[in-house]
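For clarity, chains are labelled A, B, C and D in written order, and residue numbers in each chain start from 1.
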Amino acid sequence: MIDALAGVLVIPAAAAVLLAALPGYRLTARLNVLAALLTFVTASSLFVVHPESGTYLLVDDLNKVFIVLTTFVGFTTSVFSASYIGHEIEIGRLTPRFVRFYHAMYQVLMFAMNLALVANNIGLMWVAIEMATLTTVLMVGIYRTHEALEAAWKYFILGSVGIALALFGTILIYMAARPVIGEGVDAMVWSALMSRAAQFDPALLNLAFIFLLLGYGTKVGLAPLHAWLPDAHAEGPTPISAVLSGLLLNVALYALLRFKMLLALNPEAIAPGPLMVIMGLISCLFAAFMLYRRRDIKRMFAYSSIEHMGIIVFAFGMGGALANFAGLLHMTMHSLTKSAIFFAVGHIAQVKGTQKIADMGGLTVTNPVLGWGLVLGVVAIAGLPPLGIFMSEFLVVSSTFAREPWLAIILALGILVALGGLFLRLNTIAFGEPRGPTAKAEASYVPMFAHLALVFMAGIYMPAPLVKGFENVARLLG
Amino acid sequence: MVVIRDFAFQGAQMLLVLLLAPMLTGLVRVVKARLLRRRGPPLLQPYRDLIRLLRKEVVLAHSASWLFRVIPYLVFAGTWVAASLVPTFRSGLLFSWSADLIALIALLGSARFFLALAGLDVGTSFGGIGSSREVMIASLAEPAMLMIVFTVALIAGSTQLSVMAAHMTSGAVGLRVSLGLALLALIMVSIAENARIPIDNPATHLELTMVHEAMVLEYSGRHLALIDLASELKLLFYVSVIACLFIPWGIAPPDGNAGAIAVGAASYVAKLAAGAVLLAVFETSIAKMRVFRVPAFLGAALMLGLLGTLLLFVSGTL
Amino acid sequence: MVTFALFCVAAFLLLSPVAVVLSRSPRASGVVYASCLLVTLMLAVVGGMCLVGQPTSRITLPLGLPWLGAHFRLDALSAFFLIVVNLGGAAASMFALGYGQHEHTPERVLPFYPAYLAGMNVVVLADDAFSFLVAWEFMSLTSWALVVAHHRERDNLQAGYIYLLMAGFGTLALLLAFGLLAGGDGNYLFDLVRAAPPSAGVAAIVLVLALVGAGSKAGVVPLHAWLPLAHPAAPSHVSALMSGVMTKVAVYGFVRIAFDLLGPPVWWWSMLVLAIGGITAVMGVLYALMQHDLKRLLAYHTVENIGIIFIGLGLALAFKAYGMADAAALALTAGLLHVFNHSIFKSLLFFGAGAVLNATGERDMEHLGGLIHRMPQTAFAFLVGCVAISALPPLNGFVSEWLTFQAILLSPQLPSWGLKFLVPAVGGLLALSAALAAACFVKAFGISFLGRPRTPAAADANETDSHSLAAMFFLSALCLVAGVLPGIFIDALAPATNALLGVSMPHQAGLDWLTVVPVAESRSSYNGLLVFVFVVMSGSIAAFAIHRLASDKLRRGPAWDCGYPDASPATQYTASSFAQPIRRVYGTTVFHAREVGDMPPPGAARPARLTVEIRDLIWDAAYAPIAVFIEYATGRLNVLQFLTIRRYLTLVFSALVLLLLVLAIWS
Amino acid sequence: MLRGNLSFDVAHLLAGSLVLVSFMQLYQDRLYALLNVYALHALVLAASVGWQAFVQDAPHLYVTAVIALVFKAIIIPAALHRIIVRLGIHREIETVVGAGPTMLLGMGLVALSMVVMLRVTAEADPLAREDLAFALSVVLLGLLMMVTRRNAVSQVVGFMSLENGLVLAATGAKGMPLVVEISVAFSVLIAFIVVGIFLFRIRERFDTVDIQALDRFRGERQ
């Protein structure tokens, strides 16, 4: 029954090769969607069939959630990107050659992320995540403008350093594991590591965790390692911004969580929680303040991603059933909402022909569907009910306040400041006198509203199986 | 039987205040004139004025609304009801419990509210002056009055005038600082409320000084008569309240026989006369003050009232 | 009971999408508002039935927090507020049946209106922290959408922005409060909290948080800043809901937490609440006096009345803390009765303002005047509202304030010295605010409805439509009934006070002549009915007698005005000149009000000017600094967007070294 | 036993000398000199990797050694030479912090890594432990170099020496799989960077493709 698991890897890989070979964007776009859909179906079949994990591939409740989320958003984003890319070609911002490259890279990215999620081997996971990073670097630079190249370059350099640090951490983990488990591949296999973590050398684990926190934290976009994130979001094609915010950050987070669990298993090692809590708080506050002066709509939402990653890391750092549940929920909701927002933003930017907030206004008047979609998305991302993020923020803050009042208050302030920043800009974008070109958008609203509908549903009613799964994971995370 | 008797007394009270009110004003005028070495108008002049006004036709400004014509009746009715619920010669009136002191003050407040509206209705500058100054004075006088009520009510353990009067006569009170403060404040408030010197001058039409007269400037005929009568009733009301709270002696108890009631009536008239004389003396011995020194005057009253209440809260015995 | 109530709420929620679909068609507003009217009436009936003796009913739905579910509960308190909410809602819907026809962008109002009603109802019904907060914030969100419905008008977006921020702030405060009540393992159920009330220390923090959270929604000073901006910005029937009803929902939140969940109070809580209430009452009315925007003036009066309500609640807390149950019942009843009364006359007044706005397109009183001639019925209804809110007998506003005074008169028995000093002062503040309110409404009614029209718009205004009038007259009637027969309403409140304090005020209905006797006949009593009858009788007798015996002749002529009548309406008193004496008395200290006169030299042609400068000290002290700080902080942090890669690497490097140092120093 | 000691000493010697060379890099102020020192750095790495391969008799490590020798010690420095000539980058290195303070910082970092490593319990293989300490300090020194030098080339060199440290650690970890793959992957990465520098004409620093772009910055700064 391993094949469901293998499928998640094989389908994108095959699709990548195929798409690299095929010309013409209409067909390739459709193929892209199809491949993503297939991957999603295979992934969701994981809930039905329960493949047991081998030496290289691992599947448990934790990464099931991640895989399904990733493949789903990957699918919806591919739908969105079809219409987006179509428009980009019409206005000649992209040439067919680049589109072919783009689609291939898209599938490679999917492959890399899935690999990172199912890898049962810390080395393999490292390779996969770095692969994903490099692919996104290439896609961010795809517009070949000065800004795009500059952003890609920044992303590349900072990413490489992150890569190096993460690798060093991985080596240290191996060093820690070797005396206990023995030389060779086994000392890098998750399942083996988890089972024996208690006997590892705590000092090595501590050192390793610091490097891993910084290495993978760079990918998660935690302040002060976040520098690449806003520009990469702002300059790349919008579908990639959606994937970055919606998925890649999660994948890096997943790696971080795994190592947190590892450390948690070792009594003498430092508690990883406090470190994560502090970095989470810093990111949340910092990003919240950065929201105010943004003039580029995509960059603004990139900062909001940093803020939410901060909240999520904070929640997982606090630990405990409630906080972990909240963290998972928040992560899921954030992926859905933020990608939905980027779907909207992509079309808005195409309608207005710019990403400058100053040049867009009164969207709810000129393009009601798009405008209200954005409003709904911002309402969701700002953590207002009845949408999903409110529930997770409710759980995080309230459960924290009983344990660490001051932390909760700081977090609450961060959320409030972010709310202010978001709506300050939303007012100019969505309301007031219309500004800028008011062409009608030929857009596919389905993905956006599908995501928002899910978020809305989660806000008021969560199906029991989902809750069950989340609770298991929360317990797993300790 | 008893009910009928009580009805009778209540009715008597209503007529009594209605009849005595102009007389009181007249008396004040006479005394003032005499103090100024003038012969002054005869005692019954106010009645004559009222009748004359009632006979005259009403001249209504073009811009006056229906409200302008209703207000005189409202003001008169409100004041009359208030005045007739104060125990004057006999406590325990039939309907005295239908409104306690706070309610009575508020009732007069309603009357003032409508009068101020009347000042604005025609849309002249003088009406505006009158109303705006009136409400400014009221905004200080009413809280002061309520503070006084608090003081007395806390001592008497009630806001029912009859009960208060009874409690005061019962001698259980004795001399109290807070009562003195309250009395002083009450006198100041009454002077302000009735538009007497030094707050206002009822006998002038000099625009810079007048408050009440400016408000009712546009009224004529029967409307003016009602308003004048209302203000006379108001004066009577305050004098009777002071009388009933601070010199309650002589008021006939509910079960009092004819003699007691006669005594009550006599003492009441005497109290009124005394009040009139004192008021006249005070008015002749003091000068009208500028409008914007009024707040200081009434603020003092408010502070006195608050002080009285505070004393009672802090130590029940003062 | 509660199930049916929830069905009604569901009906609201279904109406929203319907409204979205319909919103283009001309008959949409009719459909939506009519159905809202229907549902609100049903809910009001539900509340009434529950209040007169249905047992508490509860239900749990598999919504909200998965392992918890959404709990709803309809007890006496909820029932009372259910009535308040839905009476206001029904009136607003009725009014909107006419008013809504003039809406330019119905698609921005109709979808949110039912959702807003739903939110308020759910807040009252919710029985666990999560549902409560969801409904609470949902209420804020929908009302925000309604505030920015007219987003093209100046300042509305700004108002909505401040409103949303304050709402978020309040919700977070409540969130923290509930977090503290729930504890680490999340007992979000109200029943669990009731079962195990928190320790005194925790309870104190929760109370403060609740005061901040609910208070910011209710608009207590100094958290009121958003209110006078947001309430007027919305369409008038929504303003009525926000001012008349939503603030009461906020009061409900506070009452629920302070009286129901927190267990036995401590005396100093009441000092906090009393002080805030007193200050709020006076500040609110003073702000209102300085206003000449009609709707904003009304909004500030909401602040004042909230203060009065909180005075009642504070007294109730004090009495409860010292076990004086009967007095507590009296105070609480006074507070709740004022909740009811204010919801009625404030809605009425906003309807009036809406009608005026509709007829003249003006909210500024300086541009109105003489409307009583053009719209007599609106004027009458508005006048009733003015008398009621000015706490004048025989209308309902007076009753609740009178009860509050009676409660204050009971308070010398309170042992604590702090209260001994505070309560009389608060009494003084209450009296002051009552008197000032009367002054303010003389101004409001006198300037905008009386006198001569100041603009053509006012000169040819037309009477508003029948639906709006119906709504207004319905509320006016309620004002009168609640004023002359207060006993009924006091008795209706008994179950609520019973539920919270275990006792209630003495039963009023049985007393002869329908008198209200809060404590004892000998102590104090009030009979609105008799007073009303007396006034009417003696007034009509006088009228009858005079017209019969004396003259009833009447002649129209020019105004007398001391012989200097002036044709130009500009010579009338304006709102600001009317308020000038009061501004001289209070404003110079409270608002640093200054009058700057500019008198041209003799012979100069230019006109003399008198400008008044008023500063909102609370804004300057509490809100401006926050904006400044945000400005500063963002400015400073923004540099981090423009660093070079090497500097970013430096950040990473220093983070690494820092962590390594931490590790080295560890243990 | 003896072999153990000997192997320990040699490995220790090589690793230590790698740290020493890193310090020499920090000290350079001419680009060409820096490149030569880096070549030396790679050479020492190759030696140490080779030794590890011999000690652990893990033949695949020889591949890594060869890569280090050929690619890092010869090709990359040569390529950088050409780039310097082609792009006319001027020859002296502008430093953010002077050489002296940089050295001090470096000392501090080495000390720090020692302290951190000493916490590792004694049971851990001493050879590996020492190697690790050195590797850590090489990594930190490489990073230090990246942040204290302004020229693109010297920053690349910094990154490469950092990566050398990683390889040292990886090879030091006895029996660690994927070492070869990793070293290959990194070589590719470095190639990317070098090519990138060449393509984007990054004259002086990593910071931007060209300086004006920083200021025309998408309206973010106005």
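Please note the rule applied: a contact is a pair of C-beta atoms (placed from the backbone, for glycine too) under 8 Å apart; a residue touches a chain by one contact, two chains touch by 3 or more.
If you're wondering where the values come from, they're calculated on a predicted model, not measured in any experiment.
When the C-beta pairs in contact are tallied for C-D and for A-D, the bigger tally goes to A-D.
If you average the Cα atoms of subunit C and of subunit D, the two centres end up 69 Å apart. Per-chain CA centroids place subunit B at a distance of 100 Å from subunit D.
Look at where the CA atoms of subunit A average out and do the same for subunit D: the two points lie 31 Å apart. Inter-chain spacing, taken between the CA centroids of subunit A and subunit C, is 44 Å. Multi-chain contact residues of subunit C (touching two or more other chains): 641, 645, 649, 652, 656, 660, 663. Residues of subunit D found to touch two or more other chains are 116, 119, 143, 146, 206, 208, 214, 217, 220.
By the definition given earlier, chain contacts exist for A-C, A-D, B-C, C-D. Every residue of subunit A that touches subunit D in the complex is listed here, in rising order: 123, 127, 130, 146-147, 149-150, 153, 156-157, 160-161, 163-164, 167-168, 171-172, 174-175, 178-179, 183-185, 187-188, 201, 203-204, 206-207, 234-235, 294-296, 299, 355-356, 358. Subunit B meets subunit C in the complex at residues 14, 54-63, 65-67, 73-74, 76-78, 80-81, 95, 97-100, 102-103, 106-107, 109-110, 112-113, 116-117, 119-129, 131-133, 135-136, 138-143, 146-147, 150, 153-154, 157-160, 163, 205, 207, 217-218, 220-222, 226, 291-292, 295, 302, 306, 309-310, 312-314, 316. The residues of subunit C lying in touch with subunit A in their complex are 62-67, 129-130, 133-135, 137-138, 141, 148, 151-152, 157, 160-161, 164-165, 168-169, 172, 175-176, 178-180, 182-186, 188, 630, 633-635, 637-638, 640-641, 643, 645, 648-649, 651-652, 655-656, 659-660, 663, 666. Partner subunit D is touched in their complex by these residues of subunit C: 641-642, 644-646, 649-650, 652-653, 656-657, 660-661, 663-664. Only residues 96, 109, 112-113, 115-116, 119, 140, 143-144, 146-147, 150, 155, 205-208, 214, 217, 220-221 of subunit D touch subunit C when the two sit together in their complex.
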